[in-house]
Each structure stands twice: as structure tokens, then as C-alpha cells.
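To keep things simple, chains are lettered A, B and C as they appear, and every chain counts its residues starting from 1.
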Amino acid sequence: MKFWTSVSIVVVAVLAALVVPALADLDQRLVDLDLVLQPPSWQHLFGTDALGRDVLLRCVYGMRVSLLVGLAAGVCSSLIGTAAGALAGTWGGRVDQLVCRVIDGTSAVPQLLLGILLVALFRPSVTAVVVAVALTHWMVTARIVRVEVMSLRARPFVDAAISGGASRSWVLARHFLPNVFPHAALATTLMVPHAIWHESALSFLGLGLPPHLASLGTMMDDGRRALFSGAWWVSLAPGLFILIPTLAVSGLAGVLRDRVEHRRRSAELAW
Amino acid sequence: MLEARGVVAGYQRSSPVVRGVDLALEPGRALGLLGPSGCGKSTLARVMSLLHSPYQGSVTVDGKLANGFRFRAPRGLRTRIGVAFQQPRLAVDPRLRLIDVIAEPLRATGQSALVERRVPELVERTGLTEDLLRRRPHQVSDGQLQRACLGRMLVLRPAYLICDEVTAMLDASTAAFLVGAIEEYRQDTGAAVLAISHDPVLLGRWCEQVLDFPGLNARADTG
Amino acid sequence: MSVPILLVVTLAMFALGAASPFDPAARYLGDSVGNATTEDLERIRHNIGADQPFYVQWWNWLTHAVTGDLGDSLSQHQPVLAVISERLGWTLLLVTVAFVVTMALSLVTGALAAIRHGGWFDRAVTTLAYAFEAVPVFWLSLAMIWLFSLTLRWFPAGGVSDVRTGALSFGGVLSHLVMPAVALAVSQVPWFVLYVKQSVRTAMAEDYVVGARARGLRERTVLVGHVVRGALLPFITLVGSRFPELITGAVLVETTFSWPGVAAATTEAGVALDFPLLAALTTLATAVVLLGNLLADVVYAFADPRVVTG
């Protein structure tokens, strides 16, 4: 029940982000001064913004950008995290200690501050935001993958592979990485709403995506300015668009986590 | 000859489970190592198969000193020794088909070209079937899985076999078949077998000589 | 342990600065950069030491920093140390009040939800906690500004001083404090509530609680004397580890409510590319996080004598 609700919300959100822009072609720069800051009506369900654009339609566009940025950042952070965790878990010893120190160090810097620093230094752009989010979120995956690899390392099938002449990189590529993949994939799924949140927080602060690129965060920033003209609706829709998929993805992740755990438990019982 | 000298090993430096044991395995021989579970005979087996680094002592393979263990052991020495373990479920990667389990040592040592020739030989030797080869571990029984592990142990044609409680989880007929298959390989190739078990009857039937592991350890303690 | 991490983090910051397209000389000139020749830029770089390798710059910064000289803030036009000392008090005020509210609210609701596990109150609290955990704090802040400042006119929308006179008064600061403090508290409460609920439920199943019940002690005595005490210790130890989330929340809330604290200064420094201020504030925040971890360890060791801190 919970699973299917979550899945359908995520599917609808992704489909809307993909299909709607193709159907309703919105000129991002189109300004209609007759329609400036119109409150919600049947024509414009969530009203119009300071330049007379439909807030709902812009949100769908914005969500596409946010979703892409979130997905890219989530995948990048998982790749970094898996690489670091696998490195530490496979080699152990000094390499492990070094990776752990790097994880501790990076975790000690509050994520948003490191994000602000990175975006400020590299100037607001999609790449800067993706890099900033990836560099501040890889540690969770790294920790999970490291622990998983360490538990795999002690399994007799690894002994058997070593005895059969396998090198470290063979064991890493053929045994460790395929077996940690479900965990890394779950971490990625969990990371996407985080990354979307992070992108919108940075954009909201004026340190994320360039203002002309509609994302949920930049729209929220517009909404803050419109708020003082009494236009509460400009920030309403972007907020809902962040909130609802986030809830759906965390619901989905919860269900997936139960399944992965369950599968692992039953596998352990079988052994 | 596969030889361990003065091996001290375990999982806590302060209380090693193997305390200065000497053991030599001569080519062509079947040597039994008897002892209750948890006495350290498996640890000695892991040290002798170059899978566990001892605190003290050395292992030589055909007169060559192993100057490292696990990945650091030279590949040429590692592959001279075949291993099989007690629990086949833990000894195979749950994602691999049985054919890939058996072929892994060939592929890992860059001899993929030999897979076509060697694997069918082993199918016959281990009593598996073509159909079983395509299955994954959760689709076969413990006995069938242990046959695949036996195939994997033999695929590189090692000169020394270290079999740690290989029949403990199996029914009597499968156990008898596996021991028969290992003995057949020994007769054919002149390989040596180190059979480890807690079962004196099994070792008495299988091996020419049976050593008492707690006795070896105790002698090392005093000596 | 904390000091080396802090050193490495600051070094990494300078390395990032060196790897980025950020040019301190151009930033120093500001809008007049268009008129400057390459030689001018080179000269400025040399004068401010920006032509040296990043580790030399880092070392210079570090040796000055330990004497209290953190350089000059380009966006605030005063020494970085003056900016921080002027603003730190405001942040501490906001964060402390928000934190006290968070603690009080989450302890009471979390414990009540755990005691009546499965009841309507528990279900309502749990649902709200999950929902609010997903609500972006900046969106919540905007909603509060719209409702309580613009519509109901109960509280001012931002700043700390009176809009007309610019005067600071106790009552004025208090009315300005309510909304940011509540917004920050609400962003932190969900996690704490769920955690308190979980640890109280665990404590209720402990042997000594079951034993106390079996001895016929009054339910109230059992709950207050045994359960809450048992649940409180692990909870307090986790407070220190939540500092990063608190700092993130403070940055967003202070910026939205134009609160004149150090967290809002971080945003301003980022937008204005004020590297000296940004570096100092990032270091400060990292130090606070490390202090929180240390605090968690110390409290944990204090509460549980079996743990030896190393």
C-alpha cells in the first residue's frame, strides 16, 4: 500500500517532469505584464509570478531541473562513496585509516557551508551545484560500503578465490562490487531527495543554479521576494513540489530498506 | 612438499590457537588431522593454504618460502594448493552460477581459454550435470554445491589439497562420493591430501596416517 | 584528534581556493577590474600574497589566525574577527532559544507518544514528525512570515531592531526572536521526537523497568524515575552529534529572517565571494561540530563508566 502510493507519486512526478514540457511549450523568458502576480484561479491553479508566468507550469519545469540535478548529484556521490568505501574495505590497514580520516574530516564540515564555499569559489552553475552536493554527501555511502566489504572479506568464498589465484582487483570487481551494489543503489535512492533539498537550499540562498534557470530552489527565492508584495502563492507550489516527492522517495526507500534487510537476513538464515 | 614450521597463529595475538606447530605434507600422501571443533586445526589449514598470516613461523611450498599471505602470497604458490571448506553455502558467491564457480580460478589467472576443456572433465569427476551447472547456489542442495566447490579446488590441478571438514554437512553417500573423487584425483596426479576432521572413523578410512591436532599443539607448547 | 582534522579542513579549503577559478586580485579590485592591466593584477597578487602556493598562503593565514588576526572581510568592510564578535552573540541567542524549545517540545511529546504507543496521539505525532522532517525549513519560514507577519501582523518579518526608529529594546528583540526561533526549533524537533520515542520505548522494555513494575511501584514513579532517566542518557549523548543540522538550519533561518548573526553572514560572504570571512566562518562551524562530537563522547563516557575515551 505504502509502497505503491510512493511508487505512483514518484512515477507521476518523473513523468510530469518529462512529458509536460514537451506538451506545453513554455517560453522561460516570456513575460506577460497583464498577468503579473495573479492569485490562484482556475486558469492558473497556483497563480502567476512577478513576470506573469504560470507558477504550476514553471514548477514542472523547475522540478525537471531539480530532479536532474538531484539524480546527477546522487549518482556522483554514490560513485565517490562506493569507490572510497570499497578502497578502504578491500585494502584495509593504512588505506582504510586514511579513508576513514577523510570521511571524518569531510563529515565535520557542515554540508551547507561546504556547499556555499564550493559554489562561491566555482561560481553558480549546474556543475558547481552537482559537485557541491556530491562532495558533501558521499560519506554515508562510503561508510555503508566499507562495512559491507569488510564483512564480505571474511567470507570463505573470498578465501577460495584467493587460493584460486585471484588478485585483489579481481576480488573487488567480481565479488565485492556486485555484492554491495544493492546497498549502494539504496543509498543513491535515499540520496536523491537529500540532493534536491540541498540544491533548493543553495539556490534559495542565491548560491545555487543561475537565476534564469528555473529550479524549485530559484523559484522559492523568487517566492521570497514576491511574498512581500502579498503573493504567497509563488512560493507555495515549489514547496509542495519539494515536499511531496521527498516524502514519496523516503517512503519508497523505507520499503526498499526493509526488503534488502529482509533478503540479507533470510540469506544469512539459509547459510 | 608443503611444510609448516613453528607456526603460531590465531585471531588474538595474546592467545593464539596454533602454538608453534610443525607439519609436513609429502607428495602423494593422504594425511589426516584429527581434533575437536574449535581446537585450531582450521586455522592451521588456512595458514598452510596461505590464506591466514601467522604471527610466527613459516610455510614452504616445494622448498620455496612463502614471503606473504593472502593477496601477498605469490600467485604461483597459492595455486599449487587447492582448498575446500566445511560449509559450501559460505564458500561460493551467491550470485554466481555453478559453472562460473568452477571456472573462476581459470579466469582469475588469465586462462579463460581452458574453461571449455577443463570444466567438462570436472563435471564428470564431481558427478554434476550440465543442467546443474547453469543453476545458482540457492537452486541446488548442499551436496551439489560442495561438488562444485570440489570442481573449483581441482580446476587448476593443484599438487596439494587441503580439505577442511568437507563432508561434515553432507549425507553419507555424497560424503563417500566426494572422498572417492578426491582419492581418484590423488591416484591420477600424485597430489597430496591434508584431510581435516573431527571424525576418527572417516579419517581412519581415508588417510594413510592420522595425526592428533591437540597432541601436536601440546607438544609445541612444551617443546 | 579534533585539532588535526581542523588543520586538514582548513588546508583543504585553501587547496580548493587554489583549484577554483577564483582570483583574489580581481575580487580585491571589485568593479574596477575591467580597467586593470595584467601587470596591475600581478602586482596585487604579489602584494596580498596570492601568487604563493596554497600551502604557504594557508600557513600565513594559520599563523596570523592563532594571534587573532583572521584578515579583513571584503563584504563587511571590517576585520573578520570584528564581524564574528559582533554577530556571534545574535546567533548564540537564536540557537540557544531554539534549542531549549526543541528539547522541551521533543522530550514531552516523544515521551507521551511512547507511553501511549499506538494511540491516536502517538500516530498523530509520528505522522507529523515524518511530514515535518521533509518540510524544507526555508519554506516553513516563508509560510510563517506570510501568516504571522504579513497577514496576522503578530510578529515582525525580520531583523532585530524596530523598523522605524532602528532602536534595540528588550521587548523588540523578543518579538523579533519568536519566529526564527520557532522555525529553527520546528526543523529540529521531528528527528528528536522520533528518537526520544524510540529510546523511551526501548527503556520501557528494559529489565529494571519491568522489575520496578513487578514490585508494584506506582506507574508514575516507574515512568518518571526509571523510564525517563534510562532514556535520557543516550539522548543527551546524541545532542552533540546533531550540531551540523543545527548549523545548516541556522544558516537558512537567519538568512530568511535577516537575523544579524554569523550564519547569515556566511550566506552574505558566499554571495559576495568574501573568502577571508567564508574561510573563518567555515572553520568556526567545523570547530563547533568537532566540539559537539567531543561533547557527545565525554557525556557518554561520563554516563557509562565502561567507555574509555581515547
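By our rule, contacts are C-beta pairs under 8 Å (C-beta built on N, C-alpha and C of every residue); 3 or more make two chains touch, one makes a residue touch a chain.
These numbers come from a predicted model, not from an experiment.
At the centre of the protein atoms shown, by the Cα-centroid criterion, sits A.
Chain centres computed from CA atoms place C at the largest separation from chain B. Per-chain CA centroids place chain B at a distance of 57 Å from chain C. Once the centre of each chain is set as its mean CA position, chain A and chain B turn out to be 47 Å apart.
Chain centres here are Cα means. That of chain A falls 22 Å from that of chain C. Touching of two or more other chains is recorded for no residue of chain B.
For chain A in complex with chain C, the residues that touch the partner chain are 101, 104-105, 107-114, 116-123, 193, 197, 200-201, 204-207, 220, 223-224, 227-228, 230, 232, 235, 238-239, 242-243, 246-247, 250.
Here chain B touches chain A in the complex through residues 46, 49-51, 70-71, 75, 78-79, 81-83, 85, 87, 89-95, 104-105, 108-109, 138, 149, 152, 155-156, going by the rule given at the top. Across the complex, chain A is touched by residues 5-6, 8-9, 12-13, 16-17, 20-22, 130-131, 134-136, 138-139, 142-143, 145-146, 150, 157, 244, 247-248, 251-252, 255-256, 266-267, 269-271, 273, 275, 278, 281-282, 285-286, 289-290, 293 of chain C. By the touch criterion stated above, chain A contacts chain B in their complex at residues 155-157, 159-168, 170, 174-175, 178-179, 267, 270-271.
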